[in-house]
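So, here's a batch of structures to check.
Across the two complexes that follow, chain A remains constant while its partner is chain B and subsequently chain C.
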Partner chain A sequence: MKLFLFIFFIFSPNTFASLEDTGSEMVAQIVSDPARFFYEIKADSEESLPVSSGKTYTLSVELFPTLVPFTYANASLNYNIYKEGKLSANMPQIDLMIGAQYMFGSKIAVNLTNDINDANFWGYDAGVMFSNSFNSRTRTFYGYRHSFISAKLDLKKDKNYELLGVRINSFDSSFSENSIIFGVETLKDINKYWAMQINYGLSNNTLVARLSWYGKWFELGFNIYPEGVLVVHPTWSLRLGF
Partner chain B sequence: MRFFYIFALLVFLSPCLYSEISIVDYNGDVKFRKNTFSEWESVNEKNMVIPDGGAVKTDTNSKAKLLVNKSTVWMKENTALEIESTSEYFTSLGLVYGKIKASSFGLVKNSMFQIRTITAIFGIRGTDIMIVGDINGKVLINVLFGEVDFEYAIPPKTGKRSFIITQGMYFSIEDLEKPYKMGLISKEYENEILSNWDPFISSDDVLKNLYEMDNRMRRLRSFVLYSKALNNDLKKFIYKEREIDFEAGRTLKDIHGNTVRVDQRLLRPDENSLELFNIVKRKNYSDYSYSSSYSSGLPGFKYNGGGVTNRLDSFIITFNFNKPLPDNVNKWSSYFNDDFVRPEWVTFVSADITSANNLFFAAKAYKYDEQRDKLVNNTEVVGVTQNTQERDNEVVLTGVINKSSLSDITGFKFIADNISSPDGRLVLKDLNGNPTSSQIGNSIWGLKTSASSDNYCDNRFCQMKSDQYKIGDNSSSGYFWFSEEDYLISNSGSIRERDALLDSNKNIGELVKDNSFESVIYVKKDSGGSISDDDYFAGHHNIDIIIIPDIPFYLFDKTLDAYNRWKN
Partner chain C sequence: MVSDMKLLIYIYLCSINVLSAESVDERRFVNYIDISFLQGMNFEKGASYSGGNMNSSIGFLYDFNENKSLSLDYLLSYSGPSISYENRFFDERIINHSAMIEYSTRLSKYVRLRPHIYYGKEYRKDSAIGDFTDNLYNNDSKGFGFSMDYYPSRDNTFTTYMVYRKIEFPNYTDLLYEFLNPGVATEIGGGLYDNNLYRFGAKLMSGDFFYSVDYTMQRYTNQKIVESDASYGNDKQKDDEVELKIGMQHKISDLSIYPAFTYTVHSSNQNFLRFKSFTDVTPVFIADAYDYKELGFDLPVYFKFIGLDMNLSAGFKNRDYSKRPPRDSENNYIYGKKENDRLFSFSLTASKKINDLASFVFYYSIVNSSSNNKFEYYIPFNYTGQMFGIGYKISY
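Right, the complex of A and B next:
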């Protein structure tokens, strides 16, 4: 019975109407500020955790949603340049962070369709991260990161494009943000961590809250963008420490 | 000669490479020996230097604290430690048995600080670790901070020979024939490492570090709680963002130079209705005449009220639909696109609500006409059959009522008191839509006649409009004039010029934020078919409303398709 009700709900006309409304609302928001929307997708792939204890650098690739379905080829590298307590007991661990993203799907789309003259989405980020041990299992971390994204879409001029009732126009815009990061990381088991953090963008007042669980290979998490088109982003990434 | 220089350089640099280990403090029976072949001697002074190849051991109830370079090693009772090497780049100590704590930092690049047991070598790269070992090869290491390079002294048959033990972990070898164990450090061991191991420490000071750690943990918990609270705030913020679609406010100057605060709310009086409520507040409402600098330059209408303090006006638009409205505003678009959704009635009510018991209002109402399939404003809105062409003219409601009766007007609960021979009075209607005997204050309705006047400003968005209304549909009841001054104003109170507005490069959103609509409404007496300077309701001079377009624009955007459908 529950299954029947669930199926009824999913396929009821009201549900579709509601989804369409929500979709058109989202499309309208994306069209009004496309660079910001693509920045949020790109920001999911930005590594913002300190290099784990015992490792020298961390390489991460966001699989969802950045790579799939948004076709952003992405990689982030956190390199540890100073281990906590090596020279002085009070000196924090210092990591350098760099990352780059490129939406290869946009070029494929240009080649596959005659409706798009050009499409180019790319970005980078760089920053520094500090981390201190509160106790043997808990570290606090804080840092700064500069992010940039360029979003360009050039549609054929002689056609009107609509998505869920919202007219899509060509755009060529960029978005840069300077964020400060605060967070806590807790060791839960061998190679298993839990972290929560808040990133605040000084340039555009963007706010992101991140919750993540990560182990030897993968990181799972939720990124919450209160003012974003998609408020909650479930994330899944490959995260390797060396 | 060259060999001499090299030799001299080595001699010069040798103090830099050389370091030594010393017993900086001890308690109880602590012994040392200078090398493997020498006898054990009691330590009888502090800062005693132990040479490489020597050893230190503690007996029952004794402790020692050793210092090498910037690293410290604490020995608990019944512990023996061999000093293998203490150079700047390579420090190696051998734990024969017992329990030690090591705190190492300040190691230069490529240097190594290691502690060996019978079974393993621990390269220390962190700050605080504790190692427990015995002569049978059992070993337990707890890494509180930093990390430790582990390497088997005798390589195992299978598995990795070396790996890193990170902070927060323990590592133990219980039996050489069995696999090692690794896990999270226990609270008990963590507290033990954190406690002060100095030989002459008082019992109170032993736990001082633990108290500090507890304080730090409390601060951390506070941070986590703060973060959780922030997350909750974020959620509220998200909902607030949604709710803000239904409220807006602005402070601006009106056409007469008064500072005005306009607050706008979108309410749902019931599940079928939507009410846009504008409240217009003025601390001081100054007297004006058309000779003032705020005049539109047209004759206008005489204001008899003088200056007023704490002036309150409101403008309320109420829509009633034949189907319940969705709760979620995002569903409105599909709701209004539904062909079966239509408005039953609409009221536009302007009122001076400064005095709660003497509200002066003026209103227009529209009712859905099924035959015409559109909203109409004629005598049908007051329940009087529209059976003549004249009765199809516009109807206006006005009067002086108390606060509680305002909802009777906005809620379309009024009707002409005598439907067959209407004299213009308004009463409440019953559930069947018939007139009751309850009159709604001193309220009347009027039917528009052909007498009217319109004056438009040349190049500015303003007009002076005045229409004569017959009270009820009975000439003997008399006439009144319903007059309006309408302006499109900027936030500084100046009238917008057509050319400047149309030529501006601002987008629609910016225009919405920069402009307001002001309407000053008068109900005047009739003087032989012309408008009089006297107010129809003595003591009630005008209604001065300002409408900010924020929510109407949003609603218009949401309901544009439906609006076009109803309009057509």
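Right, the complex of A and C next:
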């Protein structure tokens, strides 16, 4: 856990001022736009890789950081509707993508504490992905995705809540983004892939670079949000192809 | 601002350059993706902050036949907090994305024509908190262009082009009016900085040498010149710039060098009013404050050393303002002198290939900026910054 915090802090906006200053600035960023922060955590779970050759579905569940520690139950499904070259050599592979997320920890927190009246965080995403082969080992992919998140926190009115000196207020906001995706995937060995991609949100200028390695069962990676509260998100997900 | 030593550790996370094409005989449609991304940290006295850069593009090309093609290119770039002199100040963030459709047709063995249409957006942000929507310098640009390539022989290429862009700044308001009329409850619309940009250029590549000349005109549609009595004159702002460049590429065994000289002459009819404070009733007027001449020199060198791909690069710029005097740290003009800004940069990149696609990158850079202008409330002029980095690069 200490290593996890270290990685998050070292790429935070103000690392070496002091941990308290850094934490205060991060909390201030979250408070100023809470939905955007939770969108970035949700976005980690959004599957944005093409369905592997020879497969029809890809099912993925983000284990870290979306599920642990942020308690977002999540699942993404990519469904291949057209295989490259089937009708025409110029036509790319086409996949449909859907995903959903729900933060069950927020409801547990409501039941465990008297400070919160209500908390509810949920989201969904849907999109389409195209991919072209360069050769048998490398292909480029590009697509579009719509994402939505609702973030609600209702604190008891009779108390003042502070975290690291920053006042925490109730909020009820949503965030929707329309992103373009493009990247490249390379087959390194049997069932071992490497991929790099850019996701850019046209509606809110959200930007993330994703670097990932994946095999038959799991995907490891780094998501870099250069304008995010937490710049680098190490990620780990279960990713199955059928 | 006092000159601060900054340490920047950069991590190149990736750089991808892939041309996607199957059998050219079978496929007329090809696409490419190019991504380079770096993320780093700035260290300075008592504080530090992360910063990074990203440049990426995706393109689609359809070949009608061997002489005609149509391409769509989308470019996306991000420039984060950095000691880089490209940003107006260290903490500025810029996102720029654009799309261009170009039609290419070869008229003969010697001549190719390339008309294009263009649309782009640029967003800026001044700090970590906030978003990119309301910055004064956000702008939209659209336009068209036309290029002609002439191939008189195998070793010579001559290219000439013209570009038109209509650039609109929806948030850029009348700052002088707002400053002179604080508290006035009036709706001040944006667009004051809107302008039409025209650029004409020619470039000759002959053997190992290249020569280019570019002429840029910016004609502002609303912005008028500021007069000495703190009012606007009748003339609208006009900016002109001429850039001459000469360079070469030379290879000695495994060592390649690409020296280039650039000379720029910039002129504008816009003047400047210095208000020392919000209540300053006697602002100082500087005529033609934006005219300058600039000399630049770049020397990139590529070579191999103990199994590493090395890139040494040095750069120097010297800018002399024609009319603008420098200011002291108290914002007082030093009359009898003209502002002089100098910038020196040096970088070293060492790449170690770890497989067919990927390389580790080790990076060091130093930037030194100096000026006889010591007033640095808005923009730093005198500083030295360093960057150290390790990274990861993909090239195909």
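Convention: the second predicted complex is superposed on the first by the 225 of 242 C-alpha atoms of A that agree within 3 Å, B and C clash if a C-alpha of one lies under 4 Å from a C-alpha of the other, contacts with A are read in each partner's own complex, and residues count from 1 in each chain.
As a convention for this text, contacts are C-beta pairs under 8 Å (C-beta built on N, C-alpha and C of every residue); 3 or more make two chains touch, one makes a residue touch a chain.
Here the structure is a predicted model, which is why all the values come from computation and not from measurement.
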item	value
Touching partner for A:Leu187 - first (chain B), second (chain C), both, neither	first
Touching partner for A:Lys86 - first (chain B), second (chain C), both, neither	first
Which superposed partner A:Ser174 touches (first chain B, second chain C, both, neither)	neither
Which of chain B and chain C A:Thr113 touches, first, second, both or neither	neither
Which superposed partner A:Ala209 touches (first chain B, second chain C, both, neither)	both
First (chain B), second (chain C), both or neither touched by A:Ser52	first
Touched partner set for A:Phe134, first chain B, second chain C, both or neither	both
Partner chain in contact with A:Tyr142 - chain B first, chain C second, else both or neither	second
Chain A positions touched by chain B in one structure and by chain C in the second	14, 17, 25, 89, 133-135, 138, 140, 184, 196, 198, 207, 209, 224, 226-227, 231
Chain B partner contacts - residues on chain A that touch it in the complex	14, 17-18, 20-22, 24-25, 52-54, 83-89, 133-138, 140, 184, 187, 189-190, 196, 198, 207, 209, 224, 226-227, 231
Complex contact set, residues of chain C against chain A	13-14, 16, 18-23, 26-29, 31-33, 35, 37, 39, 41, 43, 46-52, 54, 56, 58, 74, 76, 78, 80, 93, 95, 97, 123, 125, 128-133, 355, 357-358, 392, 394, 396
Footprint of chain A on chain B - complex, ascending	103, 105-107, 125-127, 143-147, 164-169, 182-185, 190, 213, 216-217, 220, 223-224, 227, 230-231, 234, 237-238, 241, 328, 330-334
Touching residues on chain A, where the partner in the complex is chain C	10-17, 25, 28-29, 32-33, 89-90, 132-135, 138-140, 142, 180, 182-184, 186, 188, 194, 196-198, 200, 204-205, 207, 209, 211, 222, 224, 226-227, 231-232
